[in-house]
Amino acid sequence: MTLLLAIVTGSLYAAGIFLILRRNMVKVIFGLILLGHAANLLIFTVGRLTKGIPAFVPEGSDMLTGRFADPLPQALILTAIVIGFGVQAFTIVLFKRTWLTLGTEDLDMMKTTDEPPKE
Amino acid sequence: MRETAGGILVLLGTFFILISAIGIFRMPDLYTRMSATTKASTLGIGLVLAGTVLYWFDIAIAARAISIIVFLFLTAPVAAHIIGRAAYFDGVPLWKHTKIDELAEDLKNRGEDSE
Amino acid sequence: MYSIILATASRYLLLLLQMFSLFLLFRGHNEPGGGFVGGLVAAAAYALYFIANGIAEAEKLLQIDPFYLIAAGLLLAVSSTMPSLAAGMNVMTGIWFDTGTALFGKVGTPLLFDTGVYFLVLGVTLEIIFSLAEGDLQ
Amino acid sequence: MNHLLYNILLAIAWTLLTGEATIPTFTAGLVIGYLLLWISRPALGGGAYFRKIPLVFMFMLFFIKELLIANLKVAFDILTPKDYMEPGIIAFPLDARTDMEITLFANLLTLTPGTLSLDVSRDRKTLYVHALYVTSADAFRKELKEGLEKRLLDVLR
Amino acid sequence: MTIIELSVDTAVAVIGLSILIIFMRLVIGPSIADRVVALDLLSANAIAFIAVYSIKNDSTTFLDVGIIVAILAFLGTVAFAFYLGKGKKQ
Amino acid sequence: MNQILVFPILFPLLSAITMLFFRRSVAIQRIISILSSFLLLAAAGWLLAAVISGGMLTVQVGGWRAPFGITLAADLLSAVMVAASALIGLTTVLYSLATIDRERERFFYYPLLQFLMMGINGAFLTGDVFNLYVWFEVMLISSFVLLVLGGTPVQLEGAIKYVTINLLSSSVFLAAAGILYGMAGTLNMADLARITPHLPQQNLLTVVSVLFMITFGVKAAVFPLFFWLPASYHTPPVAVSAIFAGLLTKVGVYALIRFFTTIFSHEAVFIDEVLLAASALTMLSGVLGAAAQYDFRRLLSFHIISQIGYMIFGLALHSPLAIAGALFYIVHNIIAKTNLFYISGIVERITGTYDLKKAGGVYAGHPVIGMLFLIPALALAGIPPLSGFWAKFVIIKAGFQAGEYAVTGIALLVGLLTLFSMMKIWNEAFLKDLPQPQVEGNRYETMGFGRRLLFFSPVVVLGLVTVLLGVFFEPVFRLAETAAAQLLDTQAYITPVLGRVK
Amino acid sequence: MIGFAVSAAAPFFYRRFPGYFGWIAVSFPLFLFFSFTSFYPRIAAGEVLRETVFWVPSLGINLSFLLDGLSFTFALIITLIGAAVFLYAGTYMKHYGHASRFFVYIGLFMTSMLGLVLSDNIAAMFVFWELTGISSFLLIGFSHHKEQSRKSAMQALLVTGGGGLALLAGLILLYGISGTFEFSGLYPKRHLIVNSPLYPAATVLVMLGAFTKSAQFPFHFWLPNAMEAPTPVSAYLHSATMVKAGIYLLARMNHVLGGTALWQDTLLVVGAVTMVCSALLAFNQTDLKKLLAYSTLSVLGTLTMMIGIGSELAIKAFFIYLIAHSLYKGTLFLVAGTIDHAAGSRDTGVLGGLGRAMPFTMATAMLASFSMMGVIPLVGFIGKETLYASILEMEEWSRYLIAAAVIANGLLVMITLVAGIRPFFGSMRRLPSVPHEAPFAMLAGPACLAVLGLLAGLFPDFFMGAMLDWLASSVLADTLTFRIKLWHGFNEVLFLSFLTLLCGMLFYAARIKLLPCLHGRHITPVLKPSSWYDAALAGMLRVARWQTRILQNGSLRNYITVIVLTAVTLAVSVLAGSFSAFPEIPALDVTFYEVVIVSIILVSILVLITSSSRLKAVIALGVTGFSTGIIFILYSAPDLALTTFAIETLGVILFVLVLYRLPRFTSYSTTASRARDAAIACVFGIFMALMVLYTVSGELDSGLKRYFAGASLPEGKGRNIVNVILVDFRAIDTLGEITVLAVAAIGVFAMLKLTLKGGSR
């Protein structure tokens, strides 16, 4: 499964990059979200996979022993997901606002801030 | 014994789930798909969960499983209704063999009335 | 897009979801759940209500400016760091009360922290949804 | 509805007394509580509760039967290559009046395979139903009127 | 292999198959509503899968996730319907 | 005592929360802003004093022992950065009071500034790789919002690029942090510093460090990762541009320094070569970009990039002198660059434009402003005895010491071109007569005395600091040397955090 | 020694009492002048005075001062001319406006100049060096509303600033070789320095600094342009003092760097070329000040050349020439200013017959002019005599140099005739204003200087005789005695002097003929490197615009492409260099449902990329997210799954609320660009996948995992370890996380509710 997840992670990255390279703003949003997924899945996979043994201390015991899933990458991903959610919500609204204000979704039409000074 | 009963319930549930899956794939239009499938899967999940309850036979598990069942039975029809309605007003076409559409007729009449 | 069926159902589901969200919050320390998911489910309840009944109804239901929820959530979370500072311990050191309850597990500052997260998430989500929905009306 | 509350409280008390938080204990508590309440009718009053509980049970049984039959019918149609369907959208005049009645009825109808509540008219007098097997619109209306709606309203009113 | 193990393994496989079938409908469409229905059904399958998986792994922790999935799937469906409804009105 | 380490994070947060509660009253928000900024400055000063006198400070947050919980750690570098940013925070608040319009004030401008400060300080103080990511995000989202606050078309356009590229870099950061954990099993910087030299997959570690270099390089605006900066920094209100210019990229530089002296210290060769090449190109392309500009703020924005190059150059040389130079360069640049942006705002108020071709006549009417401009401008160009001279001097000396003649030569040339740009501004905006008299009423003349005081005090204060840093360079340089020595001695970072480790 | 302290404090003093009147202002340089002369006995006794104020000792940079013959001479020149100029400017600057600013600048300049010549520490000297450059910049651009003025100031700054940077580099290299920044510390290490491999580089860099500052060919062009400055500035900075800073440095460094062929020959050649070329360039000038500027250039070249000759006689000639030039050129510039002031023009073609109206000015001008022409008995004559003598003494090149010197000096004579004498004779023409005699304050300064020139010529022994020995000793290692006299008798040298005068007359006469031909015609660009400067500047700007257009082209896609490619290239260059083997592929132990999930994700991604409908894309995205959640369930992360599901659903709601207002999902890019992007994306994706595989192929021994498992319940009071990490072990992460959420909510709110009208501010 690690191999499959590595492939999935790679595909998510590839798709994310491909989409943020589009001229259409909306696609860029999707690309950014995919990149978020990709990073999360990457952390999950490199934190090593453990099947079916979540990190919960069982009832009647003081500690968890034996094989169990590493809780730290999970906590990191949780934080990253939530942060990603906040940032993405902002980004989506930013793109919407931009579209409403500028009237275009074509990123190649948005070059005024980089325009070379007029001679 | 109890576990076996649970297993059988689970199997029965998955059967209905499969039916609904095939149904949604095979049926000709959106409405027939919905008619055919949403409930089958609801029933199927209900059965699977009942099997789970039997397997664990613990109040905490039962509480969870039952709340899922209750919640599903509460929400599934609402969801089906709301999608069907939205789809209808959005103009999703009916199957060509659909016999009658009294809603369309009424809408037409109402439209004439109000104008 | 008002449907009487959805509207009626949403009213009953609202309570159910809110209760479930509290449930998730309180037992999150021992079982899956916690302030974040709890807050999201609570927000989901309002979101459902908003979709079924419209934005005005939903805001009436909430009664409070979501920004105050956000501020309160942050304040709760931060204030959970204060007792340890005041006590001269490392900042954010958890302080626990001996009494425990069946539902909550132990009571202590980390739970306060999680409650802060709950309110904040609720406030943030609602703020975003309401702003977007109000934006539609304009 | 007070009686239902009593009943549940009694069941909980039973569970606590036995000290065994399991499903059978709780179910037993419910049954015992119901019997106790029934016995104490003169003291507590409230005949409606005892009239309705069997009705509810009856309705549930009816509904589950309908559910199973319809499911099997649809399953058969799905699994066999030939389609027997004659779908249509029927306007059904509602007797149900309150929000709760309408909602419950529409939802139960949707839950039954082969039918789907599509819309409630603005005057809340008509429910539009999409059905898979419509031999005749009037027959369909009649069946529904006397079957599901009647039984449901009996329980609710 | 006990009956329960057999039935659980079968169930997992059958649910997996159903998911694949439904996913095909999701990809095909044709209307958005069709896809939403498929999505709804997929999440229902996920719940069933979670339930079976909890038996398979002898672990109850996952059932809670099932409740959340049920709630959220409903909410998601309603949201999509809301979207479709809006599209019509405006 | 150690707990003062938390104040630079908690003060801004608490004041932001309070302001959220008073969201309807701008007046109260202003007062809270000022108070909390002063408090923050005091706390930062205290922290700096404590670190200077008592060495590195650490706090194990939550009382959890070092690699398990999150450690906040302030060595000299961190403390200095916090102090500098607190100063910039304060001046920016003052400047904002004079310049930010009512509408933005009503829409949470002040809390956002505080959130930004919280993120920046957090980034400087944390001793945990993932926690750094979190602070970066706090900082980023605050900067996103500040950047678009107002929603004018240019702001939105700039923000799209800024946001997209920064999110891409965040994703890379996350991946790199994840892989680092997947390899080393820890996230604590000190623990990593201890473990990384002994990891079996050293090559993989180098790749990870490349990923970190990319992500921090984007934040620091290093060649060729800087594009988002000139695209966006000139679009928001000038107070926002100023604090961005002063602090945001420096956080990236800080992270680069932290990572490549502490965590990846042992495998410097490849990285240093890359950094060296990047620094040369950064210096050059930044300054050339500036030479092509005629917009006051865009010109300054390109200069940010160019100067980042110097700092990276210092890091790449990796000698005690070079690092000390880089550190001093950062502080100098934070102060001078922010100041220049403030002044661009003043010039805009007077002439009604940021376009240098349309501006003019400031010197004739306001010679004092001219002098106030010359201080940071000449400092930036490295004219003695201002702070920038020393910054350049030390780095160049280190460059020659290391035998990197080519890059050092570029650094010198870039200094000349910087002088050219600064003098272009001077000639165009200050000396030249105003080409066309302003049509609408002069927004500068109508300012009240109090506002003008707020308007100028940041410029005066920062100008004074620039001069003082130059004139009393010796103690400052000693401090930088000590900080550099601390940075290069990995054990000096590990021991206070982890305690004695065998 | 107190003099130093006063000079350091002076500018601050000045700002407080803006000296509007030259009489007050003049007291400052005069005071300094006399305090310096008070050191005369000690200097004359061969003493070298030192004083150190610690500044940045850890870098070896201190304000250490050194007063020996060389710096003493310069200090006297600076303060003396300064006094004259201050006095003059007090009146002259009245019609300029902002006179107070002028005095601040020029006071700053004088202080810096003094600091420059007095510094023992070369880094500190550099500080003053740059300060003189800046004050010069401010003074040239003093009439800032004139574009020419601004341009010239910028040119001067860039040329001298660029040289300054070279100098800095050279100084640091010297430090690298010797380990000291003190001149006095460098002297003993001469051997070490000259033999170092870095010696040529350091020497060339130092020379570059000196040449630019002293306007040596080919950097001479900025000086004539600097004549845009007010006349007192031209007199003071651009003839008497600042431009001599480079010469000073060369003289100072002669000890350290001199004696090699590189040093001597370069100076000789550059000096000689400057001397001749700039004199030639004066030919078609008609502006009084520009004429004088070209003559200054020529003299600066001569001075450089003399250091290049390097003999004792040459050094002495150097000093005499230096003093003489400072005296007469200062005077002439001030007179030019007076003429401009009085007559309203500086055009030599227009000026004439002013002698009647301005007799005192004429007298002053005559004295200075004769000194410049080298007429007996003025000090200029002695200077020229000594110069010729020193050239004749040389073994090689003497003949060519003599010819060059005679021609150059002849041209100087011509310039003098045109600029210093002609305006006072002949017939008066129509002038912009009626000429009148200058006020006393404007006359006193130049007159004093001119008279001083005469006295120095008449009594050379008294004024300079004793000095010259120890002056030379401050530049050279050993000394011989040499008596200077006004009159050496009729010899070769005297003949040359007459020849020079004769040449000058001839040139003057020829000039009248030549002028019409030359007028309007450009002397070859080779002789006018200012066109090189312009070309370099324009070229730099072109390159700047080009690279900005290429790099900062506004296209987000290009930005991202560059970033991604950079990342991949760097990473691959690491990988390619060191990883020989493909990562160990983990065993493929998958179940059916895992394959189902993974294939669903992959198909969804494909649908997402290729989708032409927004909502379809949203759904595909949702499926991807949900499937990720399922993976989290499979691999023991229920909390993650919960959160993922919740977030995905909220994401859907968000999209739904936003989307129907969003634009269509149309595709703009061409197939080619899509293919290119796909390739980039795939490379990056493969890279990341490989990273995952590489990482998991190693062992992970996480002590943290075990610690959390043990501490979660007893210390964290929770069984859900993930949650305990979130709210306790790493609570500060979560604090930051919820802050992000809060700010995001603010952002969304503000973006939707706040829209300012109009452009950005």
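Letters A, B, C, D, E, F and G mark the chains as written, and numbering starts fresh at 1 in each.
To be clear about the criterion, contacts are C-beta pairs under 8 Å (C-beta built on N, C-alpha and C of every residue); 3 or more make two chains touch, one makes a residue touch a chain.
Here's who's who by UniProt: A, B, C, D, E, G = Cation:proton antiporter; F = NADH/ubiquinone/plastoquinone.
The structure displayed is predicted, hence computed values, not measured ones.
Novice: What's the overlap between the neighbours of subunit A (Cation:proton antiporter) and those of subunit C (Cation:proton antiporter)?
Specialist: Of all the chains present, those in contact with both subunit A (Cation:proton antiporter) and subunit C (Cation:proton antiporter) are E, F, G.
Novice: State the chain with the largest centre-to-centre distance from subunit G (Cation:proton antiporter), centres being mean CA positions.
Specialist: Centroid comparison gives D as the farthest chain from subunit G (Cation:proton antiporter).
Novice: Central chain, going by Cα centroids?
Specialist: F
Novice: Count the C-beta contact pairs for C-G and for B-C, then tell me which is higher.
Specialist: C-G
Novice: Which whole number of Å gives the spacing of the CA centres of subunit C (Cation:proton antiporter) and subunit E (Cation:proton antiporter)?
Specialist: Their C-alpha centroids are separated by 26 Å.
Novice: Between subunit C (Cation:proton antiporter) and subunit D (Cation:proton antiporter), what is the gap in Å from one C-alpha centre to the other?
Specialist: The separation of the two C-alpha centroids amounts to 34 Å.
Novice: If you average the CA atoms of subunit B (Cation:proton antiporter) and of subunit E (Cation:proton antiporter), how far apart do the two points sit, in angstrom?
Specialist: That gives a centre separation of 12 Å.
Novice: Can you compute the centre-to-centre distance for subunit D (Cation:proton antiporter) and subunit F (NADH/ubiquinone/plastoquinone), using the mean CA position of each chain? Integer Å is fine.
Specialist: Here subunit D (Cation:proton antiporter) and subunit F (NADH/ubiquinone/plastoquinone) have centroids separated by 67 Å.
Novice: Pull out every residue in subunit E (Cation:proton antiporter) that's touching 2 or more other chains.
Specialist: 15, 19, 32, 36, 61, 64-65, 67-68, 71-72, 74-75, 78-80, 82, 85-88
Novice: Mind pulling the residue numbers of subunit F (NADH/ubiquinone/plastoquinone) that touch at least two other chains?
Specialist: 13, 20, 61-62, 130, 134, 137, 141, 144-145, 148, 151, 153-154, 160-161, 164, 168, 172, 175, 179, 181-183, 230-231, 235, 292-293
Novice: Touching at least two other chains at once: which residues of subunit C (Cation:proton antiporter) meet that condition?
Specialist: In subunit C (Cation:proton antiporter), 1, 3, 5-6, 9, 30-33, 36-37, 41, 44, 47, 67, 70, 74, 78, 81, 92, 94, 124, 128, 132 touch at least two other chains.
Novice: Looking at the whole structure, which two-chain pairs count as touching?
Specialist: Applying the touch criterion to every chain pair yields A-C, A-E, A-F, A-G, B-C, B-D, B-E, C-D, C-E, C-F, C-G, E-G, F-G.
Novice: Name, in rising order, each residue of subunit B (Cation:proton antiporter) that touches subunit E (Cation:proton antiporter) in their complex.
Specialist: 3-4, 6-8, 10-11, 13-15, 17-18, 20-22, 24-25, 30, 33-34, 37-38, 41-42, 44-45, 48-49, 51-52, 55-56, 58, 60-61, 64-65, 67-68, 71-72, 75-76, 78-79, 82-87, 89-92
Novice: Under the definition above, what is the set of subunit C (Cation:proton antiporter) residues touching subunit G (Cation:proton antiporter) in their complex?
Specialist: 28-37, 40-41, 43-44, 47, 66-67, 70, 73-74, 77-78, 81, 92, 94, 96, 105-106, 108, 110-111, 113-114, 116-117, 120-121, 123-125, 127-129, 131-136
Novice: Which residues of subunit B (Cation:proton antiporter) touch subunit C (Cation:proton antiporter) once you look at their complex with the stated criterion?
Specialist: By the definition above, subunit B (Cation:proton antiporter) touches subunit C (Cation:proton antiporter) via 71, 74-75, 78, 81-82, 85-86.
Novice: Taking the touch rule as given, give the residues of subunit F (NADH/ubiquinone/plastoquinone) at its contact with subunit A (Cation:proton antiporter) in the complex, in rising order.
Specialist: 130, 133-134, 137, 140-141, 144-145, 148, 151, 153-154, 156-161, 163-164, 167-168, 170-172, 174-175, 177-179, 181-183, 187, 230-232, 234-235, 292-295
Novice: Can you tell me which positions in subunit G (Cation:proton antiporter) touch subunit E (Cation:proton antiporter) when the two form their complex?
Specialist: Residues 591-593, 596, 599-600, 603, 607, 613, 615-616, 619, 622-623, 626, 630, 633-634, 638, 641-642, 645-646, 648-649, 652-653, 656, 659-660 of subunit G (Cation:proton antiporter) touch subunit E (Cation:proton antiporter) in their complex.
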